[in-house]
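For clarity, chains are labelled A, B, C, D and E in written order, and residue numbers in each chain start from 1.
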Amino acid sequence: MSFLHINNVHKRFGETHVLKGIDIAIEQGDFLVLVGPSGCGKSTLLNMIAGLDSISEGELRLDGRCINDVHPSRRDIAMVFQSYALYPSMTVAGNIGFGLEMRKVPRKQRREAVDRVAKLLQIENLLDRKPGQLSGGQRQRVAMGRALVRDPQLFLFDEPLSNLDAKLRVDMRTEIKQLHQRLGTTIVYVTHDQIEAMTLASRIAVMRGGELQQLGTPQAVYDDPNNLFVAGFMGSPSMNLVKARIVEQGGLPVAQVATDDSTLTLPVVRDRDALRDWCDRDVILGLRPEAITDPASANHGEGNIHEAELPVALVEPTGADLYVVTTLGGTHVNARMRPGTPLRSGERTRFAFDVSRMVVFDPESEQRIRDERTAETTPLEETA
Amino acid sequence: MSNASPERDGGARERLQRWLPKLVLSPSCVLVLFFVYGFIAWTSYISFSDSGMMPDYTWVGLHQWSRLWTSWTWGIALHNIWVFGLLYIVSCIVLGLILAILLDQRIRAEGVLRTIYLYPMALSFIVTGTAWQWFLNPGLGLEKTMHDLGWQSFSFNWLIDSNMAIYTVVIAAVWQATGFVMAMFLAGLRGIDGEMIKAAQIDGAPAWKIYARIIIPQLRPVFLSAVVVLAHLAIKSFDLIVAMTGGGPGNATAVPATFMYSYAFSRNEMGIAAASAVFMLAVIAALIIPYLYSELREPRS
Amino acid sequence: ADTAANGEVEVLNWWTSGSEAKALGALKDGLSDQGIGWKNMPVAGGAGTNAMAVLRSRITSGNPPTAAQVLGYDAQDWAERDALSSLDEVAEAGKWDEVFPQPLQEFAKYDGHWIGAPFEIHSTNWVWANKALMDELDIEQPKTWDDFIASLKKAKDAGYTGLAYGGQPWQDTTVFENVVLATGGADFYRKAMIDLDPEALNSTTMAQAFDHLRELLQYKDDNSPGRDWNLATAMVINGKALYQIMGDWAKGEFLNANLEPGKDFMCFRTPGTQDAVTFNSDLMIMFDTDDAQQQKMQQIMATIIGSPEFQIAFSQIKGSVPARMDLSADKLDACAQSGYEQVKAAAENHTLMGSMAHGYAAPASVKNAVFDIISSFVNSDMPSDVAAEQLAMAVQGATS
Amino acid sequence: MSAASPTARRGIATRAVLYAILGLFAIVYLMPLYVMLTTSFKTLEEIHQGNMLALPGQWTLDPWREAWGSACIGLECNGVHGYFFNSIKIVVPAVLISGLLGAFNGYVLTKWKFRGHKIVFGLMLFSCFIPFQIILLPMARVLGILHLANSTAGLVLVHIVYGIGFTTLFFRNFYASFPDELVRAAQLDGAGFFTIFFRILLPASVPIIVVTIIWQFTNVWNDFLFGVSFASGDSAPITVALNNLVNSSTGVKAYNVNMAAAMVAAVPTLIVYILAGKYFLRGLMSGSVKG
Amino acid sequence: MSFLHINNVHKRFGETHVLKGIDIAIEQGDFLVLVGPSGCGKSTLLNMIAGLDSISEGELRLDGRCINDVHPSRRDIAMVFQSYALYPSMTVAGNIGFGLEMRKVPRKQRREAVDRVAKLLQIENLLDRKPGQLSGGQRQRVAMGRALVRDPQLFLFDEPLSNLDAKLRVDMRTEIKQLHQRLGTTIVYVTHDQIEAMTLASRIAVMRGGELQQLGTPQAVYDDPNNLFVAGFMGSPSMNLVKARIVEQGGLPVAQVATDDSTLTLPVVRDRDALRDWCDRDVILGLRPEAITDPASANHGEGNIHEAELPVALVEPTGADLYVVTTLGGTHVNARMRPGTPLRSGERTRFAFDVSRMVVFDPESEQRIRDERTAETTPLEETA
């Protein structure tokens, strides 16, 4: 039996059907990250786990026990709210200690616990301030402290870093990761930040419009997306999705893609068996920007590199990388090259396609076209 | 959520927690239901009864209502509240808005000026009525002072002119409430995003156009609140009229509130008074309910 | 005195200051001689309207005061509701049936039982005049309406205000009822104002009365609307105005200013009304109670009010004349002495009639309807015939 | 900024006009208060002959002394001070209780919504608009039944009942701007209904508490209609006493004493406005304006 | 003479000295991006250029003309505000056309201009809506349209994309870039987004506490920072800054860095002459994460690769990359490796350092240690 089991859970607000049967099961110590576009029901799901919203249908089990009707204060769950939800009239110490106070922890013990957490979060010198006197990052840490002081069965984090600036965000992310590794507590975490999701999660659940699209390890979700939505949603810059046609060449299926002036033929490596049935039919190819590079940076060791010379539409240096845009199948395609490569728009250059990372989608159902056995690699976690 | 949870001690306490909000709300609900809506029902009944000096529960149908509508003073009172209410609300809003805009120009003594404009709201007309009466009385106040100062042709005798007396009431009422309206507008102005004004400057709009086109349209909610508060004050303008004109000269400044009071307590016509009250309440409801509806229909963001 | 032992009376009144309060003080003193305490309960404003509102609220809440000062028909109205104690025993002992004039008894008795103790009789058809001004302008005391108008004209021509006028509905109506009495005589007054005969109300005589009123109004100043009566009196006292038509309570103001009747100021019946008196009178009504002590105190209070000594003492202070017709007027001032005689005579001749302006001619609803018309007549240029017609209609509306 | 540029000079001229207009308004607004104050320091003779707008030629405190301690109201000559304290006895509990109820209502109506909460709020809000004349008699009857007639306690009840509408409005709009997460976080922390209210929401409500107190204090202190109807006599509030003092039907009017008494009646509200005016604006800005 | 010349500009708000003498000069057609931490005075500078704040000291020249005292409406500048600052009571069309209306452009012409811009921004179908009925991205485009319709001498953008979600942001960024290329108007742009700054700018000005830290091309600022602050501020994840000691080895200066268990010696390639004076003194090395890679991905062609085996402290896969953390000189150091590299924390692996990209700083003055001639490459744009 899993530790947290979300079993066919529905949520309706009056007429609106917000969650349409969510099934997720995770083990003790897992770090589950929920991602999805705004309004897809992530916060709602979190609130239901915390007991702050009622469950319209389905069952929630924590550690084997059904908690549908257990009052929030007795679920042994701590939550960090996206908006921090700090108590404005209490000091930082008061905020952190409030949960313990409500649980009748003696003053002395409370003090110690607060001090310990404050030290961990490096806010010892802020304990006597009111939330209004804190900067965004400090507030966020207080909100965190309020959850951490509690040592619950389950942590819930609702976009806890979304209001921080880039630098602080990276620091806090590392902090959370280390914390999770040290405490081993189970965590459910909502974010819309790609890097956060990828680096923190042991499992990612991608949601869309109240439905679960894919549940799996970060690597599986990133490299092996179930459908076009997941493929396009994960990663930034996002996966290049290109119209192509599958044809047979030498007994093997290959993908033909229109470039500005000719046709590019890319061999198919993954899901070859499934794609045999798709000969002479249109598909959509998915290629990550980092799988299209300059020949020198290409992963010659493990990848399956296919090179082609193509015109450069636009060049975007970001310092760490150089994104080179070309046109394939009528859409712009991003390629990631080594910074400093001397390129200008209008020129032609050689692109290296790592076709071992290419995935293929059915343009109608928008589902992945997949070999049977590939799907089996993560059988328990994939959802229909 | 009917299936009993296995929690042992939880049940009763949890149920209490669930009922607590409604329990806490209920005293207010009971008070309001009884003392407001109960009394409205009672008054409505009285307006169909034969009540004179004291309530009398004999049903007489629409008799009191027809007497109300043929009453000479009721016509005046309705006309007056219409004139008074309109002028009062419009002047308060215009003046309040002007003062708020002027005060919003980073004025040095803003705190002091704001208090000066606001203080009349603190005083009851029982307190200031006499001062106003003096001030507007031609033989004592402004006119006399101007004459004493040598401006012989100055004339301001509205208080004693039955055609103009209602306007003096408006003046005093406006004096009282403008500060409050100003405070509301000032709060509204302060809430407007400063970048938007900058944007308009960049767009090349002169100051008055920025106010006319950008800022004032955004104060719509404040306008609504101001109208509601002022309408509330206008309808209840009883002290004011009693203190300043006593409804006179003649009945020239009678309004529904004084009408009601006088019919109920000095003319011993409680039935008519009740009918007039119910009518006023209906008018208010017609004005307020759409507002409440629009305010409450959508959850504010 | 140990008042607590004998209890306290709570008397609702609107006499909050000045001579009225002082006059009430006489009652308080009388009570304290009997060891009875006095609980303050004044409600000023609106010529008693506020007091009536309070009285209603007190009675509605089941907590009436011991007694209340009321005017005219209010006593009848409360009696009709069985709210009052009977004063028959006191009246019998004091022979009230004989000593109080019949027109007053109509208000103080209900259904043959005494329910109110009259404090005094005020008459409202008085003219108050500045003697010095009369001398200066060479004016004799006018005997007829025309003389009266002529003297006003004289004053106006000399640059004085002829008539000191207070522009409040009850004052407008006070002047009006004087004019009606002067124009139509006592019978017409009774028919129109007391019997509320529609024909009389909408008659040519009434229109003529309105004409006279209009004529009279020419001699007031422009600032009259809203003016309190005592400010108008002050105009006469200060020599700014020649006359004021007002009830005899105006006399108190003259006396307060240390003026002497006959010497510094004159008082005479409104020309044309010499043989009649329009009156009003304050009544003390006692509220029904089960408390024996309260009942006893009510009886004592009524006895005091009805007693000759109190009647004289009270009128001395308040400027009125005693409500009892059997007293000697020696202790009263000159004006009151003549006034008392005139009241007595009028009572004999059936020309002692209730004042419309003070609610002794018709019930409150009618009175106020009349106020409405008279006030709008005064404050506009309504033609007289229209005014008469409106008056009849308004009265009819109020009685339906 | 160096030498005054043309724009700067035009700026100075506009500002001069601005201050002139504001100053003029201030003078007009202060006029009645000025008349009342100066009159209350004048002798009666000076009032009768002098200019209403002139400063007292000879300052005297007697009118104030008389108004406070020895002016006659009816047959008692103790001034208005007793009634002043009556008013305080009424205002304090009425403001506190109606404020607390309003705060509770606002809390429940925003943070513990239930089916029909908008209707309940609408009903409460509409109660702000009933003309009070119509409830005098039924209220008198009810007070009589409750044995609260003619007492300050009765007036307290009345003011609470008819204050609930506005206090609820104020607090509801204020709490609506509070994030719901606050309540949820506290629930997770294990706090119950009252703990959340008293520990978390109430301490953060200072601006709106100020607005509510100002509004209620002014309304209750200045009330005349209820005071005269339900508590005349010894338990009357100061407005009623003032009215009795000023509205004598006969006799010489002691305008200076009247004005001094009026000032006595006005002082508490004036103080409240002057002291809390700044927070008043802040409170209005924090949400109560929006309806 | 430059097109926009900010000449020793100061700004004081009462006591606070917000801008302490800013000197920036750009040419017509330049795209200047202002970056810097929150509160450093970026918006203030923009407001002063627009004429919305007065200038306490110094001079502003636009196209040769001093504009210190010119009213905002007469500066011929268009601005996009961070908060959009849309007029809520006007429709989208009204918002866009307001500036033209104020300039008394006839109705017909205005209509055409609005339509043209709406088409460009793909908001034609929204013209009759009020701002309240728009989504965040649509609002942003309206704010943009309000500026674009005007064809001014100078565009000012204050963090115009900060409120957009990741995807929209990338799209809008491309849009702005193309626009700039097409119109060639001069632009001053404030952002706190690294990628935006790098991809859009022709010049970047890095500010800190009211002072200009560096002005230069994106590449110069990124690769050749003037001081520690600029080095640490630009780039995400940020540059690794490591304590080291310069010693002489074979007549050349090399840097010695302490690892967990031994000492790593890195040859010095850049600024070698200047560093000769620093022998046996402590310095701080700056190494971009992308300059520390797995040996296979290293830039063997142009770079100067130095390999070393080091312990792995933490592994963070982001999908596109794998960040591997090791400890150098007592601090965590981020290395960017190819995703999929099978590493676990605790293991040891080979890191390839591209020392040709290494920069060195004086730990006390925090300034770069630089060869004379290097500094000359961008002589006009560097500030002291």
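FYI, a contact is a pair of C-beta atoms (placed from the backbone, for glycine too) under 8 Å apart; a residue touches a chain by one contact, two chains touch by 3 or more.
By chain, UniProt protein names: A, E = ABC transporter ATP-binding protein; B = Sugar ABC transporter permease; D = Carbohydrate ABC transporter permease.
Everything quoted here is computed from the prediction, not taken from an experiment.
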* Count the smallest number of chain-to-chain hops linking chain C with chain D, moving only between touching chains. => 1
* Asked: Which pairing of chains gives the most C-beta pairs in contact?
  -> B-D
* **Most distant chain from chain E by Cα centroid** => C
* Interchain centroid distance [CA atoms averaged], chain C/chain E, Å -> 94
* Asked: Taking each chain's centre as its mean C-alpha position, how far apart are chain B and chain C in Å?
  -> 38
* So how far apart, in whole Å, are chain A and chain E when each is placed at the average of its C-alpha atoms? -> 27
* Roughly how far is chain D from chain E, going centre to centre by Cα mean, in whole Å? -> 56
* Quick one: which residues in chain B touch 2 or more of the other chains? => 17, 261, 264
* Multi-partner residues of chain A (at least 2 other chains) -> none
* **Multi-partner residues of chain D (each touching 2 or more other chains)** => 136-137, 192, 243, 246
* Inside the complex, what are the residues of chain E that reach chain A? -> 38, 165-167, 170, 174, 177, 192-195, 198-199, 218-219, 222-223, 234-238, 288-290, 296-297, 299-302, 314, 316-321, 323, 336, 338-340
* Structure fact -> Counting only contacts in the complex, chain D reaches chain B at residues 15, 18-19, 21-22, 25-26, 28-33, 35-36, 39, 51-53, 101, 104-105, 107-109, 112, 114, 118, 120-139, 142, 160-162, 164-165, 168, 176, 192-194, 218, 221-225, 239, 242-243, 246, 255, 258-259, 262-263, 265-266, 269-270, 272-274, 277-278, 280-281, 284-285, 289-291
* To do: Flag every residue of chain D that touches chain C in the complex, lowest number first.
  => 72-76, 136-137, 140-141, 143-145, 149-150, 228-230, 232-234, 240, 243-253
* To do: Enumerate the contact residues on chain C facing chain D in the complex.
  => 10, 12-21, 24-25, 28, 38-47, 50, 53-54, 56-58, 60-63, 230, 249, 252-253, 256
* In the complex of these two chains, what residues of chain A are touching chain D? -> 47, 50, 52, 72-73, 77-79, 81-85, 87-90, 98-99, 102-103, 146
